[in-house]
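Each of the next two complexes has chain A plus one more chain, namely chain B in the first and chain C in the second.
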Partner chain A sequence: MTIGFQVLAKGTFTGNQAAVVFTNIDQSYSHLQFEITARGSAAQSRVNLYMNMNQVTTGSKYRLLGTQVQSSSSGTAEIVNGIGPDSNPAFLHICGNTVQANQLTAVEALIPNYSSTSFPKVAFGKSNACDSSGSGSNQKRRYVDMVYQDNSAITSISWSTGGGYFINGGSYIMGAWK
Partner chain B sequence: MSSPGYGENGSVVGPQNLPTSSVASGVWSLGEVAEASRDSIWPQPFNPESYVAIATFSGASASSISFTSIPTKWSTLRVRVASNTDVTSNQHNVVTLNGNPNGPYNGDYSNAYSNTVNLNNAAALSTEWWPYSGNFPNKESGVNNFPNSGEYWFPNANSTTFYKSGLFYGQSKATTTYTAVAADGGVVIAGYTAEYTAATTTITMARYSGNWIDYTITLFGTCDL
Partner chain C sequence: MAEATELIAEQVVSGTSTNQITFSSIPQTYDDLKFIMQYMSTGTSSSWEYDYLTTNFNGDTTNAYYQQGFMRIKGNNDPKPNMQTSLQSRVSYDSIGTSYNGQSNPGICEFNIPRYSDSGRMKEGTARFAWLSSIDSDWNNGYSLTAPIAFWVYTPTGPITQVSFKGLSANWKAGSKFSLYGISNS
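Then we have the complex of A and B:
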């Protein structure tokens, strides 16, 4: 048995993908880790990024809690204060298509204990703030926990962006730890 | 389809048996193994899809370290740091890519210390300081006798199309006390974007002031996207 990190799936966004879906996730690891660099096509400075366990978007099973920092000239700290229960909350943010060219948001998420059938799942996620030429302009760096109130093993996960698609050229990795 | 081969003089009859980076079937002399390894066509004893330690710097004192000639096969790089410092102010790092010290970098940061949730100073900044003024490692009180630890994450490191965005999170603790003042130190999280599209082949981590003290700084890579 290999101990350590193993990449299970990887790829590059192509063809104006609205989502990337990981299915038939190997259940023999202890936790999952995602690394994504992405940018949304919507004509906004920031768009929502959704992560759905077992592709579930109904039933109000998600709750979020965390912090986010809005990057501006003065800087603003916010608490992501107890969102949910919700059927499909925005987990993290990525930059939209109005920030300067070549920008991607860095996203990382960890889901410990994903194969358990005894406990709800708790994901930890973070995304950095794309910046527009140093001014910040309404970008947010976000660190949150998301609880998925369901004891089912996580066998599939979808990532999607709010409105539009992932700009081609970004990338994604799903890895797992033993 | 490759052309049929006839082997080398003195070898067995048949096509020449050539190794690849993933397969080397048959029986090989040590000399042939050494030659194939030199030519990067011998299977390597690590899995490139795992986190692999690429290089480590450790020592008593250094004002700057630099990882150079980073292979561009890694799409994700991480630098894990454990270090003290020897200054009590300006305790941040100047992190530059590919030797571009004065280029367009942007950063923002926040920290929390002691028993107070105190996210602050979150401004976006045009600087290669990372974390910007976040005191990592932290010796603000002058009594830090233990190392701080943190991780710099560089996704998309081998892209030649997009800017290089990253995240840092780490411990910035200067004392063993919790008196609700910034000098105690705490958690630092910081974003960073280097507005360069070239693949990252060099990462330089210099102290803005003072030195890395009793440090171990390791570069990891993973995933050949």
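Then we have the complex of A and C:
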């Protein structure tokens, strides 16, 4: 029997990284999964997190749809819609550098059939940009899915944050389902 | 708790005549099952901007399935729960992209069956699915949707040894991929 899930790459954010880029992704697996814990350097409670397939940020190839719950909206789920076609939309969120010390955001994304050349690619995403002090009004738990309107196989992925860099100490894993 | 996963089987559609994907004789040696899938339909009928991924267990098409409620988010619409109040003949998730009107995007689904080999217990599971259209007018008319979490119940109490997936309106498009994993907790 073949091992189902394997870690292809992992690391820790160091040196004020603005992005983490996975290149030459092994094409012999079926589905890609990312697990990231991160905090942005920007002096905000929440910052954007971008995932770019094949590092593409041009051509308006992305669309988003999903939901998010924001702490200031009295528990009402908001729809994340009408985003796209866009060249570089904010897929998910991580906490910024004004939230409680030592707080990191958990992020997960899954890209089924990433090596296919038959279809565009669709990704599940979720993130929990929160402030455990409970005082932040911009906390957001996000379930958002993203389509990348291109049939090319995904051979590289970049993750980057808006307006700064990933604070040292966060970590990332790229795994794959055989 | 450590978790080990194994690929049990994978099916990739070729040609245009495959109507149903079936995983049979599923080994009963794991704790849980997980499917990860990306799929699209050959359908071009104007009645089907999107199609329904239907799931059946053990070849059972009787009214033995209860789909419970799930949060379904449609393009240009409010998040709305989708509730079933009666037993159905399948689990049904509207997540298949069709080829109608030049639409080009597939749907995706993660489908989980915990404790699938248990006897004497109804089976309950979860899923997450999404279909995002490639066409602007579809978005404006609410023809794109995601469900962050969905629940289902299969009321018979025997082990699940077979799982099948099909669309309602047409065949699977070539390149659609269905992967089955076994998960062991130790």
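One rule holds for everything that comes next: the second predicted complex is superposed on the first by the 170 of 178 C-alpha atoms of A that agree within 3 Å, B and C clash if a C-alpha of one lies under 4 Å from a C-alpha of the other, contacts with A are read in each partner's own complex, and residues count from 1 in each chain.
In this text, a residue touches a chain if its C-beta (ideal position, glycine included) is under 8 Å from a C-beta of that chain, and two chains touch if they have at least 3 such contacts.
Computed from a predicted structure; not experimentally measured.
Touch criterion met: A:Leu65 reaches chain C, while chain B stays clear of it. Of the two partner chains, chain C is the only one touched by A:Val122; chain B is not.
Once chain A of one complex is fitted onto chain A of the other, the partner contacts of A:Thr37 are limited to chain B, with no touch recorded for chain C. In the overlay built on the shared chain, the residue A:Gln55 is in contact with neither chain B nor chain C.
By the touch criterion defined above, A:Tyr143 reaches both chain B and chain C. Looking at the shared chain after the overlay, A:Phe5 reaches both chain B and chain C. Of the two partner chains, chain B is the only one that A:Leu104 touches; chain C does not reach it. Note on chain A: of its two partners chain C and chain B, the one contacting more of its residues is B. Common to the chain B and chain C contact sets on chain A are residues 2, 4-5, 67, 77, 126, 143.
Against chain B, in their complex, chain A makes its touches with residues 2, 4-7, 10-12, 35-37, 67, 69-77, 102-106, 108, 126, 128-131, 133-137, 139, 141, 143, 169-171, 173, 175. Chain C makes touch with chain A in their complex at residues 4-8, 10, 36-38, 40, 71, 73, 75-79, 104-108, 110, 128, 130-132, 134, 139, 144-146, 148-149, 173-175, 177, 179, 181-183.
Contact residues of chain A toward chain C in the complex are 1-5, 30-31, 63-67, 77, 79, 81-82, 110, 112-113, 116-120, 122-124, 126, 143-147, 149, 177-178.
Per the touch definition, chain B reaches chain A in the complex via residues 47, 49-51, 75-76, 104, 106, 108, 110, 119-126, 153, 155-156, 159, 161-163, 165-167, 169, 189, 191-193, 195, 197, 222-223, 225.
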